[in-house]
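For reference, the structure is listed below as structure tokens.
We call the chains A, B, C, D, E, F and G, going by the order they appear; numbering starts again at 1 in every chain.
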């Protein structure tokens, strides 16, 4: 895949190595970028089973994910977080990986529910034992399915993780 | 106002007028960008409350910083050009709708005397510009090398071509009544009537215009090109990061422009109806821009209101509505207006 | 260039809808060959959620396989549980006490409402009415709260047991549920104000996806899909289980078998469900909720385990090996789940585990009818058709 | 088509009605529960995080019979026991792989000693898979966390079936006469040591 | 001087764009260059004080005709079709012919003798606005051709629908 | 002031390019576009004449030319669409052989 | 006509096909040979006195080691008019694992037959589109057979597509950490 690097940000990154005392600038930009990211995490929904229903419920009036600036995007290109909610079968795994590959950096993965985390009770021939076999999972949310509150708690955990990140603001891939 | 300030500093002639123009452009651009940012916020809040939720709450007090966070995130997001895409076209595409929407603003008078270019063919110019935004959509849909965006582009093209006609015809009545294509003169012409707004004699035209404007800006219930449940995200399905944000921006500027035209042509722009002014003379002290903004925001609110209420049209019903209902209605409106004008 | 001519333009464009697509209700994948906007050929692909439940069920005891049924039709897991327990009870030849039957009836009607509400919401969202979706979820949240109050879980309830239900209902729950049935019909009217007579909704649903009665029977459709076509077939009425023969309700029927009729059927069913729940609460008899006279199949009361040696042995055997005295036989037992007829076919060979556990899932059959509905329709109708058949892939793929 | 229908069609009354409904909704009170600010307690008996109860002397109640592991549909409980010096069973290892659990509560039902319970804690997402492998100590700590945070009894109605459920209707009618507080007495057990 | 500079820019750009239009392999690219060309033409009309026609040029050519082209290109899905040969085999003949015509006209320019001037001077047109001027002449002197033009359009629309309709 | 002959020269060049495009391209679509190009070049010269001669008749003619161009584009594209519909491939002039006996 | 009578009727019509009529819990099942299964089903479907017009379910059972014929295909037929349920069990031997398809009688049998083929490997002759349905096209083995392992880790039999994904993920993760 062809990725362009014409954004001014990468110039700063390269140039900044020679400018002394730029650490503060980087840290500042880091803070701003991370703030933007945690404040508008747009998930790519990958609802496969029961947990998807609870994820939808979390977006509904009673829980309202929009409060956190979260809008569900159907296209993985415009999404930041991939929420895997539900059982991952082996037949599904290639599709899931492809969707993940379509996402733009920085991207995060939340495994929601026991099925996505480990495969749950379905230790069977057709089920992948957890999506972390082929995806870098950032946050695990246990539960079968987790309550919407637990799901939001997982999102807040992810926000904490993003807050402490450094130098993830370029198109370096 | 701005001119006098500049001439008082000592810059006169061509340079002075150029600087004044630049300052005006900067003001309009800034205000519009702010509007775009907060239109998204406003939309989320309005739709949220209609759906008995709250909308953005956590980013800043009552989520007031939400649009800024969205912008920053998009800015720092990786920009993907899909393999197999037509790179140049793919890159140019998002710029065109923004360009065309901003271009429209050049002739929009915000209040008496504040207009970037007071040209005689203002309305025609706006048609010309707004018809261009279709290219961005077509190019995006075509160059992304994705079937969903391709379908979205195709739908959008057909939709824009058909509704352009209705949009143009619906305003002909206004042109006949005001005998001008200049937007400032159209506003002034409305002041000659007791009602002070053309929406009353031109209710048919206004109705057709509203519907055509919804279709022209691809807003619900005519959001077929980006119908989420059918085409995932329509023509910009492959766009990410800043380029995607540009499409978003263009949509909201487009809404602003359409509301502005509607306000100018049908609701009397920055003026108040004479009978209202007679009843409350003190209202004349309020600057016109306030009324203009209030009217525009009411229109924008209607956009959101309708979006949250109505289901989506189907492609062929949309075409039927455009060709079989709106265009005949607009033509009827023209005939009636012309007859009334001729005989009265 | 004669050889190039062949590979020039194919008239049809093939698009892949799903498995990750907002309108395919999970992981259904449709391969659509479209010519312009018209669908020429529609090939559904399922199996993206095939988890091997049937095979897994053969490897678990009857009691331990119960939670698996929760995750079939995860929107109305209570109905699945009830169907499973009913089938196993029929296999063992035992019966639940009267009170448990009423509670089960009540709970499965709650599941029907929650399932239909989710269907309404997603169907409306697919067609573009996003507010209906959120309003429907608002009521659904109430139902889920009630489920939580009753069972301790929101979706995957695991509440009925072989020979009854796990625990008794509380007064608090009953009064809250009663209040719900009071207010719910008003809310249905609210949704109907938004879409029922709306011309766009009518255009999008009327004469879309027509199935005639003969076709519907021939394709083996059940539930609202069959009743929407005007075939009067409802297991609750004609093959009553639990307490359905003691309550009074109507079975709504459609006429044309189009999307709109099925929509009307389901809306009316929700009203009837509320009615059934009311009657259940009013008629709820006193008595135990677990059958006391089937010690070989049901767990003994907890207080007795440590005091009574016999109960303890029974408890251990049931937990570790399952009901080993299960008779040698086979049973097909079906219930009217919200989606249609949910059948369980058990073959027992006298061990504590079923020899074969087969699930007859309505969604699987309903998904197979998609090509019939979609071919010749427009792309937008495909969305409406997916919505109207109301499938859940967990049940479809098992 | 009657006149009324024509008027309906031309004036789009049904659409206007819908719009009136949504407009009214704009001024209704939102139903949102603002989760991190305001936390709603789950209803009694919610099946959340696992815990091992403590005996009055502080040790785990569990005797290591392994019934929970036997009935668990997903086989996520591991129990290993050894024999102590006085021929007493010692639970050497008690592990729950929380991420594999399906929260059916069958283990609670199977346990004769009320040793393993599902508390109503639900906020415990994490970053790695390892932190969800609950050892015996962690499970006991969970119980402490629950006991501390709740300050109220564990809701035990779900340790089913209870004896009262097997009573005949006459007995149950008698039970109903008891006051509500008394009725709930036997189904709460004291949290804490 | 400035008008000449502008003219030279427009002339060069327009020539370049039209060459691009006829040489691109991909019809979509051709169409996009064409749109650029139309914009330049419209700008040139503005220079010639024909603002109404400039707007019509953009609305009609750029806004309608080229969108129609693009629509047809996309509808027929010509994307995959990149055929090896762009030009016909006898292309030198065509180029020669084109250049011959071009040089003929350019030769004729030198013989050009402008006729008598009309009454619509720039000032007069600006005073009553271009729209009004062209309207008044169109609806009085040329009303009959105007009606014929509308008939032509009507027939074209009907014909197009009949031709493109699916059987 | 730009002399009139410059405009006419430009118009001639555009017209020539249009002719070349029409003659040498195989793709029907681009041939149609070449026709549009020719019509436009004529428009340019007409407007230039109209401007310099201070007469609006030229511009009226431009009006009619635009009308004709629109009609021509609609018909041409419709023919193209029906050709493609009925045959699997007919975007190249060589392949359009419907009229052949 | 209730199911018991219907079973007797089948015995009358196809005396050499019916092997046994069983009853358990008031449900009747007829065990038949597979050769004329289509005729039997058609007879049940079209005879106005029987009128079994709804095919509720079609599934396969693996009786590995329990019976001499290994597989059985089970049809659950229901008559909407008489409201009776009849179970037809057709025996399918392991060495020639095939049976006639009934898709042209019951359109709804299409997918269940595909599923049966997918999970048990019973070939339905005359089926219009007999492909795997639940598992990927290139999956090996038939999972519902009793000799197929339940576990997730299939070892050598693992589906290639899944292995590829894991491989790709490993490669990408290395690339990403650089």
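FYI, a residue touches a chain if its C-beta (ideal position, glycine included) is under 8 Å from a C-beta of that chain, and two chains touch if they have at least 3 such contacts.
A quick note: this is a predicted structure, and the numbers were derived from the prediction, not measured.
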item: Path length in the contact graph (chain A to chain G, fewest steps); value: 1
item: Co-neighbours of chain G and chain D - touch as defined; value: A, C
item: Chain pair with the most C-beta contacts; value: E-F
item: Intercentroid distance (Cα basis), chain E paired with chain C, Å; value: 63
item: Centroid distance [mean C-alpha coordinates] between chain C and chain A, Å; value: 32
item: Distance from the mean Cα position of chain G to that of chain E, given in whole angstrom; value: 68
item: Geometric centre distance via CA averages, chain E-chain A, whole Å; value: 51
item: For chain A, residues contacting two or more additional chains; value: 60-62, 64, 67, 74, 91, 119, 121-127, 144, 147, 173
item: In chain B, residues with contacts to at least two other chains; value: 48, 50-54, 57, 150, 228, 232, 308-310
item: Sites on chain F at which at least two other chains make contact; value: 84, 89
item: Complex contact set, residues of chain A against chain C; value: 45-50, 52-54, 56-57, 60-62, 72, 74, 76, 86-87, 89, 91-92, 95-96, 99, 121-122, 124-127, 144-145, 147
item: Chain F to chain E touching residues, read off their complex; value: 1-2, 4-21, 23-27, 29-30, 32-34, 36-37, 40, 43-44, 47-48, 50-57, 59-60, 62-64, 66-75, 77-82, 84-85, 89, 91-94
item: Residues of chain D that touch chain B when the two form their complex; value: 15, 18-19, 21-23, 25-26, 28-32, 34
item: Residues on chain B engaged by chain D in the complex (per definition of touch); value: 46, 48-54, 57, 305-306, 308-310
item: Residues of chain C that touch chain G when the two form their complex; value: 46-47, 50, 52, 54-56, 59, 90-91, 93, 215, 217-221, 231, 233, 238-239, 329-332, 334, 341, 343, 345, 347, 349, 356, 358, 360, 364-365, 367-369, 397-398
